[in-house]
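Below you'll find the structures, each written out as structure tokens.
Heads up, the next two complexes both have subunit A, just with different partners, subunit B and then subunit C.
And now, the complex of A and B:
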């Protein structure tokens, strides 16, 4: 009894000591941990966190690039005025029929969402949030527009946002599906396949300047490959770059060619994670190629797909070189994208404050799309 | 003992430092556009074309025994001003850089480039040798901010063989050019019927050459696209100028889809009778016309014809500036930079060989200058040069006009809509 109590005393004494020791060890552990991440943290804070907040700070100013560089006091704090100039206009009204087609299309997205809930593929809580945001965006926000004698403060801003969005909506599914198709087709052990894999990945290695040069040559109506081919068949050359309807497809094609190699490689890695036994078992059960793709391959690379899609979204919202070098944003602003607009505002017009505001907005848009994609995928995973 | 050692070491260090300074060259960095010329060398007289002539002038200076080495930065035109401004903003502006007359207000108004007014005489630059328009070009608020190098303008580059087939060449060998929009359409029709070729080519889809063309036609009607604080883009004059061009497109006598390189190639290939481009290509086209492999053989250069009341053609000016902090922070480099500008000014005749118009009275009066190829054919251009009013928003305004004009001829945007949008956009910029 006594010995027991002594023991327990001792043990409690011991445990308190070990607790302290643990704490010290833990602190030391975390100290060492911090030491290990310090180089990364240092770089991260200096090159990402600090510039990010500095950008927000600049966006609250009237800030002339040259003037402030020459005299740091030449900036003026103007609060949120840059954001007002960007997002708002004068004489704004709300109308039921503004952008009616797009809004109906957006609202129609409610149907598949609730259909997914019925099938149990989507939780109803998520569906409610998604539906609410769709109703808010397409039902209410897109109804706002300048009245008869009003106008947006920045007339070009919304069409440029739309161009950027259109570029992303065209590019991301194309890159993802072509990358996946190539990966499935080339996922075999043979020297020929390895050669093809290398060939398809090669374009990824090129810089944007080289890619745009190549495609400028291909698209050129007077000397390009495409127009030469067409002339063989007696057809008129296509003016890709100067045609309002073809300019955006042209830079999308160049971009898909450029970045499908990366998607392919990531998908190849994902495909090799899927155990071959699953395919064998499915084949024994009589599954055809379509069923294999639908029930084994696609579920097996869901995480890979999310990674590819989110990386592509983030990458392609920042499209610049293709628009800047191939079409110069034209014709008639049809390929003018946000980053090129930010670049021109900052460097051609020296309006660093407004440009920073645009950059902050681009960040918000990319964040929204990435979060939606992550959420949807998590839902599907459940 | 210790103290002595320190003294010895420090004196050694100081000698080493001084020695290296004494031996080393003053290195100055130069930014320009005009493109690369890798094999420029130092022989100025043998160089042909803008890039090679200017680089040989720079190389020659750098190689001289003057203790100064010049380091030329990449020379692309596309993003030149963005790069220069980024360098200024980053605090590492080049010691010497090129600038246009049209961009001078933007830099001079903020004070980032040096006021050279007092310092030109002491390096042997004679201001009184510069033409009045050159002095006007380098002056902001009555102070001189740059050393001028040329005046350059839009010209009509002519394929005489094509015009001759259409019967549009005088007995003295000069081309018959239009004196009204209607006459231009008639002549274009004649060329098409006689040769099957386009009448006119120009870069209508890339650089603002189309803008400069329209501006010239507006000035010829005594119009303007903006005054000090008011955009006047949506006016009958601008509309008529635009229609003068679109009539050619509509009739199929010109192709708006050509960019700078394509339009130039079309002219050299003998696919267009007239090319609208600047003074900077005269010696290059002259050399091309002598090449038996090039379709263009009978090359002629003409002043921009007067289609309306007043002769006018778009013009600008190349000049050289020095950042304003250099004089204060590094007088040695400042002196080196000034010497380089003086050297460039000394070689003005060779720069004019490109086709540009000289800014020096002594050069303009010289026999060598007046005997340059084709020079007499566009001698009157210097009297009809025009540009928009000085503005710090020049780059943005030019891009607005280029965007809206291209929208008209490339996307079928109505002239009314485009001119209204352009006027609003320019007004926002002038605000």
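And now, the complex of A and C:
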């Protein structure tokens, strides 16, 4: 009986416009729609949205993992104090000469931005916002530092932020340029090129622990393949991992090897989107390979390049395994990065409150880059 | 034209050398896993810098499967990766179909809210998740290893995009024939979405297999380690305990499933990355 009535309703969806039937149809849509999304929505709220806000909540507390596990009331609400301890110090002053070189370098970014506006590659509204943020960050904020008798509340925090940033600044250009170069070289239909593409992507599918297992052996001064090779030529082995200046380059090299395939594949997809007619037309005009590269290929994948760079920045800010397993953050904290600091603060020192604050900060950094990426995509969509 | 051809072969030669160097780390791991432990304790560069496994032995692999926890870890990883993949496929295809095709009330609000979850990284939630699973006494269990990852909305996004691309008239025809929504979904939409589901499934499997931070935090008993975490736990002290050859054999075993899947489904993986990268 019931099935008969739904039957008639369904066919009337296309024929009759009776409002009562429409109402039922609309409600049926809502009912069924929620039934379909309910399973996902359930896990989404419980395992992503709720923990996200709980993380912010924890960061407002003095929250010791072991104490609270023992007695749920052993936490203390302290407002924003964790953030103050992280970001601020005692006896802070502002100096023009603090980090002067880096700040000048940062301010120098204004030039290419306004040059892009002149060429019409960037809208002036976007350029104004970018310039304002740059002036604020490099001109003002980075001048803040502890005075002669002051100090940061957390002596390690800013150097760890700097290490993470250095890791990103070294890794991203290398991954992007190697990925781009290989994509341009391998963008041909032939079996041997397909084989090359497979080989260069292969390292990407390995897990971080396999990558670190291999590379800590490669860098080993006594057993590593680099040392063995140097020994053949009678040279001294290099102490990569225990050398403060070489530890960071070592994990950068391992990371480039591990994550280059992703950039290459995105670039290959971007290259496919450049219409072949453009190349043919330019060739008819007598353009050589270099001029094809400069005037057609590179401009054609400018969007892709921006995308790769931003996705890489987001990805590599989350670096953890390489630092945790190859160098263990050392020597002397020189490869200690944010996520490892969060991990240790939470699970070695049991300071969940402070660790959550660090995690919120990491989220904010990554949110900034995600928003930039969304903005760029929207511009592309228009 | 002749000059072009020479340039081409020069490029092939250069790429071949680079590709070989790129493979050296993997070859070396593989080669070491096939050399005797006592030899490796003395030298890691016996034949051709150790890249050729002479003298040769299978002992490391045999030992691996008779001693130690590696087989258990491998099994754990399989359960977690397959379980997570199946559940992600079910949840994402259901939700994706609804967001793409069912005009339910609130859809225009809920869908953006779901996508907003894309900007929340794992590192921002792993501490609160830890406390939640600790409160529920669920750490060191398969459900703890699987559940948090199901909440990531990238699968819903991919499936919604895919279902939106399917022409509406197919459903309308089925609807005229009296098919209800569930029948349309299971009999028509799901079979059509097989390529998208394959892509999503493979990427999820690779992610699950290689995930490190959450299993490291949640799997506290050695018996519940995934292979990724287990491998990390033995590599820090391999010289004394396990022997280099056996650790390398564990690395090979840990890589085998993902490498095989990659070689078979390369096209899907590449498409998925291009798609996801283009989001």
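Note that in this section the second predicted complex is superposed on the first by the 317 of 382 C-alpha atoms of A that agree within 3 Å, B and C clash if a C-alpha of one lies under 4 Å from a C-alpha of the other, contacts with A are read in each partner's own complex, and residues count from 1 in each chain.
Please note the rule applied: a residue touches a chain if its C-beta (ideal position, glycine included) is under 8 Å from a C-beta of that chain, and two chains touch if they have at least 3 such contacts.
These numbers were taken from a predicted model, which means no experiment stands behind them.
Contacts of A:200 after superposition on the shared chain: subunit C is touched, whereas subunit B is not. Of the two partner chains, neither subunit B nor subunit C is touched by A:256. After overlaying the two complexes on the shared chain, residue contacts for A:69 are found with subunit B and with subunit C alike. Touch criterion met: A:218 reaches subunit C, while subunit B stays clear of it. In the superposed model, A:180 makes contact with neither subunit B nor subunit C.
Look at A:347: by the touch rule set out above, it reaches both subunit B and subunit C. In the superposition on chain A, A:246 makes contact with neither subunit B nor subunit C. Here subunit B and subunit C are compared by how many residues of subunit A each touches, and C touches more.
With the contact threshold set out at the top, residues 65, 68-69, 223, 343, 347 of subunit A are in contact with subunit B in one structure and with subunit C in the other. Across the complex, subunit A meets subunit C through its residues 6-7, 10-11, 13-14, 26, 29-34, 36-37, 39-41, 43-44, 46-52, 54-55, 58, 65, 68-69, 185-186, 192, 196, 198-203, 205-210, 212-218, 223-225, 228-229, 257, 262, 265-266, 268-269, 307-308, 311, 314, 318, 320-321, 325, 339, 342-343, 346-347, 352, 355-356, 359-360, 362-363, 366-367, 370-371, 377. Interface residues of subunit A, counted against subunit B in their complex, comprise 64-70, 151, 155, 220-223, 239, 241-244, 328-334, 343-344, 347-350.
Subunit C makes touch with subunit A in their complex at residues 11-12, 15, 19, 22-26, 28-29, 32, 44-45, 49-50, 90-92, 94-95, 97-99, 102-107, 110, 114, 117-132, 134, 147-148, 150-153, 156, 172, 175-176, 178, 180-181, 185, 206, 209-210, 212-213, 217, 227-229, 231-232, 235-236, 244, 247-248, 251, 254-255, 258-259, 261-263, 266, 269-270, 273-274, 277-279.
On subunit B, the positions that touch subunit A within their shared complex are 79, 81-82, 85-86, 88-91, 106-107, 110-112, 205-206, 256-259, 262, 265-266, 324, 393, 395-396, 399, 403-404, 406-407, 410-413, 421, 424-425.
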